[in-house]
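A, B, C and D are the chain letters, set down in written order, and residue numbers restart from 1 in every chain.
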Amino acid sequence: MVKIKNKKRRIAILTGGGDCPGINAVIRAVTKKAILKRNMEVIGVLDGYEGLIHNRYRTLSFDDVSGILTLGGTILGTTNKANPFHYAIKKGDEIKFSDCSAVVLSNIEALKIECLVCVGGDGTLWISNRLHQLGVPIVGVPKTIDNDVRGTDITFGFDTAVSIATEGIDRIHTTAQSHHRIMMVEVMGRKAGWIALHAGIAGGGDVILIPEMPYQIDRIADYISQRRKTGRLFSIIVVAEGVMPMGGEAVVQKIVPDSAEQLRLGGISLVLGAKLEKLMELETRAVVLGHLQRGGTSTPFDRILATRLGSKAIDLIEEKKFGQMVSVKGNYLAAYPLEEVAKGPRLATADHEMIKAARAIGVCFGS
Amino acid sequence: MVKIKNKKRRIAILTGGGDCPGINAVIRAVTKKAILKRNMEVIGVLDGYEGLIHNRYRTLSFDDVSGILTLGGTILGTTNKANPFHYAIKKGDEIKFSDCSAVVLSNIEALKIECLVCVGGDGTLWISNRLHQLGVPIVGVPKTIDNDVRGTDITFGFDTAVSIATEGIDRIHTTAQSHHRIMMVEVMGRKAGWIALHAGIAGGGDVILIPEMPYQIDRIADYISQRRKTGRLFSIIVVAEGVMPMGGEAVVQKIVPDSAEQLRLGGISLVLGAKLEKLMELETRAVVLGHLQRGGTSTPFDRILATRLGSKAIDLIEEKKFGQMVSVKGNYLAAYPLEEVAKGPRLATADHEMIKAARAIGVCFGS
Amino acid sequence: MVKIKNKKRRIAILTGGGDCPGINAVIRAVTKKAILKRNMEVIGVLDGYEGLIHNRYRTLSFDDVSGILTLGGTILGTTNKANPFHYAIKKGDEIKFSDCSAVVLSNIEALKIECLVCVGGDGTLWISNRLHQLGVPIVGVPKTIDNDVRGTDITFGFDTAVSIATEGIDRIHTTAQSHHRIMMVEVMGRKAGWIALHAGIAGGGDVILIPEMPYQIDRIADYISQRRKTGRLFSIIVVAEGVMPMGGEAVVQKIVPDSAEQLRLGGISLVLGAKLEKLMELETRAVVLGHLQRGGTSTPFDRILATRLGSKAIDLIEEKKFGQMVSVKGNYLAAYPLEEVAKGPRLATADHEMIKAARAIGVCFGS
Amino acid sequence: MVKIKNKKRRIAILTGGGDCPGINAVIRAVTKKAILKRNMEVIGVLDGYEGLIHNRYRTLSFDDVSGILTLGGTILGTTNKANPFHYAIKKGDEIKFSDCSAVVLSNIEALKIECLVCVGGDGTLWISNRLHQLGVPIVGVPKTIDNDVRGTDITFGFDTAVSIATEGIDRIHTTAQSHHRIMMVEVMGRKAGWIALHAGIAGGGDVILIPEMPYQIDRIADYISQRRKTGRLFSIIVVAEGVMPMGGEAVVQKIVPDSAEQLRLGGISLVLGAKLEKLMELETRAVVLGHLQRGGTSTPFDRILATRLGSKAIDLIEEKKFGQMVSVKGNYLAAYPLEEVAKGPRLATADHEMIKAARAIGVCFGS
């Protein structure tokens, strides 16, 4: 438990949602700057909002955050299940949901903090916004490997995820080439295709499929046939996990009858692969990168971005800009209202410059 | 087509089976040494035995193999489907198998080569042995990421596969820790658990499951519970794709009724994860590394090993040691009869020094 | 030599100055888009302006640029010595400089191109601007690992250089810690300290020295002493090659009399290390990363950026925006006059947000 | 200070000499196995023999060594200056050396340990042997990135050093190629050329120079000229830091008069580069990898090797095989007398299989 001395300035920080490379760099920057420049105490909330519900904290000293810059994950722990407004409680075999935001508010009250820094993605920041509306002074820090938080050019964790995905595509390339196969690499992205788009371009993918642009399987098959006619006997398809054929799940069912189970188990790339294999009489193989994309040490890019955002969060506190999220605009940092963030993810559109650039060098988007 | 001039010494080289990091380093060493030291012509057979059936070759010059040392895959192409003694021919929707070894023998005859260098694993070398018994002068070079070729301490490709698998485990570690989860990393190895054993130790896996040692799920669950009691809330399980519970597939069926389909689609780690999640009421996640482990550039270790083996192959040809495979014995290279290689893979035993070393620092093997 | 057919649209591309990760991605994007979307011929000029002086070219086909995305260096060759306006010609032991721009203009004339795409940094783009003023239709693409081209938020190559430098610092960290040493890592940057600043933050450097901010050795010594008093027995100093003490070279001479030779041979970190070792009676070691920072495959970030810039270059040609450089502004691409670029490098200032962020978490800048 | 309870079995471990990737994996394996399997207490001696002279220790618990597997350096600290038989003591500006082995013996006595595990290279193990001869029960673990410890096939740290050096050569390759330069990469190895030999082969170096084979500059120049005549306009020279021209330092002085200073400051590659540049009128550049090669996380290969050696050390203690070093013989581990180890390093000979293999594919060794 955290001993609370009354006189000193005090803030708290929590990390919510899926883990993401760079979180520890944010915790380090927030804590170091708070201690060095503002003479604040910093309280770390454990396991996201779970810690606020059950009063689980630790104090963070300068030494606690030394040496964590390169460490993956979050030293505070996290969960993507603890929503104070819809909290699951298990009774026997039954699960009931209840609103325990009042508990959270009273626990925060007891902490006597100037501000709660919430590091999280869509879900976490949506909750942050609700808590802010209920009176909690909150500053948000956007965190997601998906890069789809509204109001910021880029989020930390994304560059690392793209790097890992690209390395995967690089490796798959030589196998595809040696075996004259169609290889599919499935990357994260349920709603937003940013990872697939970036890693697809960086890895020289031939086909890139993103959730924002439903694909037509015939277009993909035609494209691959064309490639084969010009002597390119292999193709690399980069698929975001959330892609759907034009027409949606009904079409999936139609092209591969047992697909529901397959979708659940192995990802959409299995459905797509099975169908292509049948259509084209070509060998296909799929690799689902999954959790590889979110763990481990972060790229230098993400470490720097996370450090800058953490530093900026302390500035917003000083300026009492609560209910705001630190955000990136070009080479500068800014504040952006959590209320706006809560309106939903930032998605790609079919006329995005990068999609046009990719098309111009011959990439197929399946539509 | 390859023009055949009659006076010059001539050898051919083929690469068969799954692709494997380091193959190009073998091709490069064989070709460079043959040209520089023996004044030989080198003929590259395309797509493994397929090329011998259909007379598809290219000559390999010094320049052709310059700069391929770091390249993944094989510049000659490969397939794991063309067995001359059991060759699939498609007629309409039907597939018939036939023995076309006579065609292969006559094609080899026509090439007028001193020796055929066969770079391959279990399957490829089994065929090499048969061809040698039918009179073809053959030297084998062991190639498999699985490290399970009989008669050699180690095979190239293995170090790269272990490195990639270990990097995967390293990344998964921080997610497991941050979310207090059980994370499973499934690596290649249908019969042999060498990749799982090595990557499991290198990545600090808590549980390592290999095909050679059927696991008991209760042992794993007990072990994880013990860990949790001492404050270690997460566990990493490294699983070879070919593992089975004690009792075999029948037990799989029993513990997860629909598992047949799951096994086919997503790998054994799904079955195991589902069962553990139910048994222990803990979150589990699985990552199947799959083809990531066999593509891309090779580690320096594998480049060196492949170069040395390729160089040694030329020596065996000079010494007319046909029907032999180049092999590693400690710091030295040797010849080993293909006849012995054909007897089956090299597997781990429960009293292997590495398994004992791993147990001694607390690793659980599920048995 | 390049055969010139008269009817087709035609452009040329050259790469000048030091090599830089991502150049081949630009060449690939320019060539693929020119061929696929504009039905242009693309001529590659060899070895920068040297090729224009001596008429050395190759045509670039779609196939020529397939598979070069991940390749370091430039397939066209480069040099940082061929300035057409001040070209060195050797006669015996003597070197004479002459203006051979007329030759270049006439050679370009003969090529019958719509536009010359010049991929280069400070020096190359300065020459491009002069050639444009003399009537050559030119589009520039900024290229430098130093990130100091005026008019663009970022240049490709920089992310790769920062990544390599950061990996170096990461490695040095454990040695510094184990031996309780002061370790210096010297990175590129003669005028601009961007690599040192970014890699210093990403690698958790304790001291960061950049050319824009002359250092005072006493400040550094004081800072290290303070660290030691709080139990931090080691320190990492990240130094840009172009740093100078306050007072300039005269001070260098004073603190280490023989330093002129040392500066030339081993870099400023030797001078600084020798002085600190004497001042503080502590072991110091220096690593000069040098050419490691500019070679090899590029990061995914740089591959994407280079691809986008190459694609945009074709758009500028279509819009006849000659005398312009493609540039990055936040998430968008734009055109920026070469005339402005020629005014000199983009440098950091002492109040830059990143410097303030670094100071806030305790980094010392030696001033 | 370490509290000493009398009843329990107890061992100590120290790490001496330069840091080396994998040391922490040894400490972890020794400690975990000692605690889990032998119910021993483990005492960590700080900063090598320095800790034994000044009684500086810490106890190592199971938790202390959890999570250090991937950590570079040594958690116990190290120094390459504390030789108990020749210990430097500073009085004013003067340094005096004295034999303080009696102090060390009495301090070890007081620790009441069964065995002292010494992890070190040449120097550290030489001291271990002397201490053993004076009655201290010692087990040695070979540790050096140079791979030159007598009596073992390989040492941990070497694979990591070779990997880093190879990555450096890979990066340098593209610069050499783009600029048509001679690039030199200087790697560690004062007496033994193993790193240069392995990294040179793995990185496709054209010239490899090792201390065991004095080079003749004319041979190198001839070789590079030959390459240029066949269109290979660049060359990569991999140089061990300890190489000398045939004829020794006198020749260095002769070819580059001011070389003494250069050798001290920038490494032999500067001398060699200056000479070649003059001889051949070609641009040369050198990169000195230096401390990059010994820091940071270790390769999976080294983590496994270090774990196995640490585990084996406990076995030797159990078998009371004191005065022995754990060693690698092919796929097995063995014991080897420290007395033999002390006889000097393991060097390459001109007829080593790897040197012959490298020559056979065209590598020049300068002799």
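Assorted remarks:
The rule we apply is simple: contacts are C-beta pairs under 8 Å (C-beta built on N, C-alpha and C of every residue); 3 or more make two chains touch, one makes a residue touch a chain.
All values derive from a computational prediction rather than experimental measurement.
Chains touching both chain C and chain D: none. Most remote from chain D, judged by the distance between CA-atom centroids, is A. Inter-chain centre distance (chain A to chain D, centres taken as mean C-alpha positions): 42 Å.
Annotation: 32 Å between the Cα-based centres of chain B and chain D. Computed centre separation for the pair chain A/chain B is 34 angstrom, with centres defined by C-alpha atoms.
Shared interface positions of chain A, defined as residues touching 2 or more other chains, are 170. A complete list of chain pairs in contact reads A-B, A-C, B-D, C-D. By the touch criterion given at the top, residues 18-19, 47, 71-74, 77-79, 164, 167-168, 170-175, 177-180, 183, 261-262, 265-266, 270, 285-292, 294-296 of chain D touch chain C in their complex. Looking at the complex, you find that chain A touches chain C at residues 28-29, 32-33, 36-37, 66-67, 69-70, 153, 159, 162-163, 166, 170, 198-199, 201-204, 232, 299-301, 303-304, 307-308, 311-312, 314, 329-333, 353-354, 356-358, 360-362.
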